[in-house]
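Listed below are the structures to be examined.
In the two assemblies presented below, chain A is common to both, partnered first by chain B and then by chain C.
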Partner chain A sequence: MTDRDGQPGTSGIWTFVFIDMVVFLFLFVVYVSERLRLTDTFVEAQHHLSPAVGLLSTLALLTSSWCMAEAVHAARRTDMRRTGLALSAALLFGAVFAVNKIIEYGGKFEAGITPVTNGFYTFYFLITGLHFLHVLGGMVFMIHCRRQLAHESGDPAYVTKLENVGLFWHFVDVLWLFIFPMLYLTEILG
Partner chain B sequence: MNESTKRAIERALAWTGPLFVVMVTYFWGVQGHNIPPPNFMAMTPDQLISEYYGKYPEIGPAMIGVATFGLFYTTWSCLVASIMRDENGQATPLSNLELSGGILTGWLFAFCGALWAACSQLVGQVDPGVIKMVHTFTWYIFDCTYMITTMQMVGLGLWTVLNKKQTIVPAWAGWAAIAVGAGFVPLVFMPFVTEGPFAVNGLWNFYIIFGAWLILFFMVYSSYILKHVYRSPEEQRRALGMPATA
Partner chain C sequence: MTGWLRSPFRVWLALILLTCLSVLGAEKIEGRAIVLGSIFVIAALKAELVIDHFMEARRAERYWLIMYLIWVVAVTCLLTIGHMPHMWT
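Now for the complex of A and B:
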């Protein structure tokens, strides 16, 4: 059940995503302004980020997002077995992203790089950290949906709940599609 | 207490919100020369005296004004907490979050205002290093205890969003309050940077955060609360999602 004709999810999740998007937009604008001001510092620091690690994160999130979309489609067809499988797969790839990010942070701390090392790393830890919190939040919601599947299958409210989680998860994915090139690739692209 | 007295008190408390904004903007921002504040992390103690406290002697009285009128934030928060009830008229844990966050935020204005006033009044009597130490300590308390206000905003925001029967404040305002509260997180960088957007006078940690807090949170909620206290008792019950009285 939706409270907007033709649109998945409830109006609340759309409002949340819009406001969250505005917050990140502000962060991105401030990042770009600082990058223009301190170009040399930012370019030098970006040498220490691995585009391969960023690419792995991107692939993990994109695959997870695709699995989440599959879960929503299956739930709408009341195919609960496939919903469960797709949700588990979405969680698995979300976990791949999370583990990859933790390893990446660990490497930075081992190298003595912290949020106060320089302006670039303040943004790196802030932006990826906030995004990482979104990933963890999304995974908690997915775990909840996976656990409730047996009890709530066939309930239209469950489909709406899953659509809400799906929308949030796609938003987390889209955010990363901006973060990845901005932090990991702009040095390569020049 | 009769109904008309109760309503008069509610309306008076609701007006302490806008009054807080006007008075604190004037005393802290204009007369206190804090738009933007001096970037003390990049200043020597002597510079802090020559470019700020010594240059503007009106900072002392201004900060006493902040200490006085800053507590209007607490009075406003007490009113909001009393309005934040569920459809059965009961207070919720979220209203307690809002109340404790509001009380402590008001206290921060009073406490920090008094310390900045002391810095201003003691110029020439104590070593500039001591002035800088107290000034820095005060700013750390003011900025790095952001979780106090975040807690209030998240409590209020969640009540707004999750209490679907209430029509006092629209859901978007609740989401905005939560987002602005979360946007305070970069204040943790303030003690470690001397320039850029996360410095004490930086684009993010001063203009965006304080601007968003004032405009997207405080002004929005303040206007809806004012509207609510001018409703009739029956309309107020309906706005809270409570059943009509017989």
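Now for the complex of A and C:
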């Protein structure tokens, strides 16, 4: 299944992730161009986002990514017990991110803020919403791998599948590393 | 530095420290232009750590590492320059 000796995952996942990265790059381009056009609206709206909420999401996703990396390393060593533990921990921290995001969205809707409130919130809901769908997708793949683990004893095809899921999950993390400062930090500068 | 970062735990620790640094810098340090530039550079450093150590892009075909890092540089430049007009006011 692996296309190149020693390469993590298949070449298909590297291509898929890169295409997804380009899609988000275009979204960031449109965000920036709209921010330049409607600077005051964006700045005012960004003051209503909580950096603490963004920070919690970042810490949860980084920790989940680390656990995923540990799961892949353990699977390569055919240490299936440790793979299961690390995968469960990755799922748990992914769930922390998801719950935090749902609470954040709930707060916004309660305050009467929706994607059509203003230009900033259109991008806020679009970018974080698309990212959130990626998180949910990644978690579904992780649950699938976790369930399959009971029947596994270090099959190389399983390791490759786990590497693919891991690559996707780390990419979701990389995206958030830019979304976090872009939306939550640029307007709290001291 | 690269040797120290061989363990995923240490990479995670570095990522957490860099995250805290960017939040503290944004909240406490005066001087918008420098801080704004710094938080995106820190984001780029963190992305590079994830791509290099968690995704293990160095073990994939060489062009993937190059393409992914070009993406990181492009996004960092875009976001920094995109916030420039506000930075200087």
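Criterion: the second predicted complex is superposed on the first by the 185 of 190 C-alpha atoms of A that agree within 3 Å, B and C clash if a C-alpha of one lies under 4 Å from a C-alpha of the other, contacts with A are read in each partner's own complex, and residues count from 1 in each chain.
Definition applied: a contact is a pair of C-beta atoms (placed from the backbone, for glycine too) under 8 Å apart; a residue touches a chain by one contact, two chains touch by 3 or more.
None of the values given here were measured: they were computed from a predicted structure.
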Which of the two partners, first being chain B and second being chain C, lies in contact with A:119: first, second, both, or neither?
first
Per the contact definition in the header, classify A:30: touching chain B only (first), chain C only (second), both, or neither.
first
Go through the superposed model and pick first if A:173 touches only chain B, second if only chain C, both, or neither.
second
Touching partner for A:20 - first (chain B), second (chain C), both, neither
first
Tell me which of chain B and chain C touches more residues of chain A.
C
Determine, under the contact definition given at the top, whether A:130 touches first (chain B), second (chain C), both, or neither.
first
Quick one: classify A:11 as touching chain B (first), chain C (second), both or neither.
both
What part of chain A is shared between its chain B contacts and its chain C contacts?
11, 22, 33
Interface with chain A, chain C side, in the complex: residues 8-9, 11-12, 15-16, 19, 22-23, 26-30, 32, 35-36, 39-40, 42-43, 46-47, 50-51, 53-56, 59-61, 64, 67-68, 71-72, 74-76, 78-79, 81-83, 85-86
Enumerate the contact residues on chain B facing chain A in the complex.
161, 171-172, 175-176, 179, 182-183, 185-186, 189, 192-193, 196-198, 203-204, 208
Looking at the complex, which residues from chain A come into contact with chain C?
4, 6-9, 11, 14, 18, 21-22, 25, 28-29, 31-33, 35-36, 39, 43, 51, 55, 58-59, 62-63, 65-66, 68-70, 73, 166-167, 170-171, 173-174, 177-178, 180-182, 185-186, 188-190
In their shared complex, chain B is touched by residues of chain A numbered 11-12, 15-16, 19-20, 22-23, 26-27, 30, 33-34, 37-38, 115-116, 119, 122, 126, 130
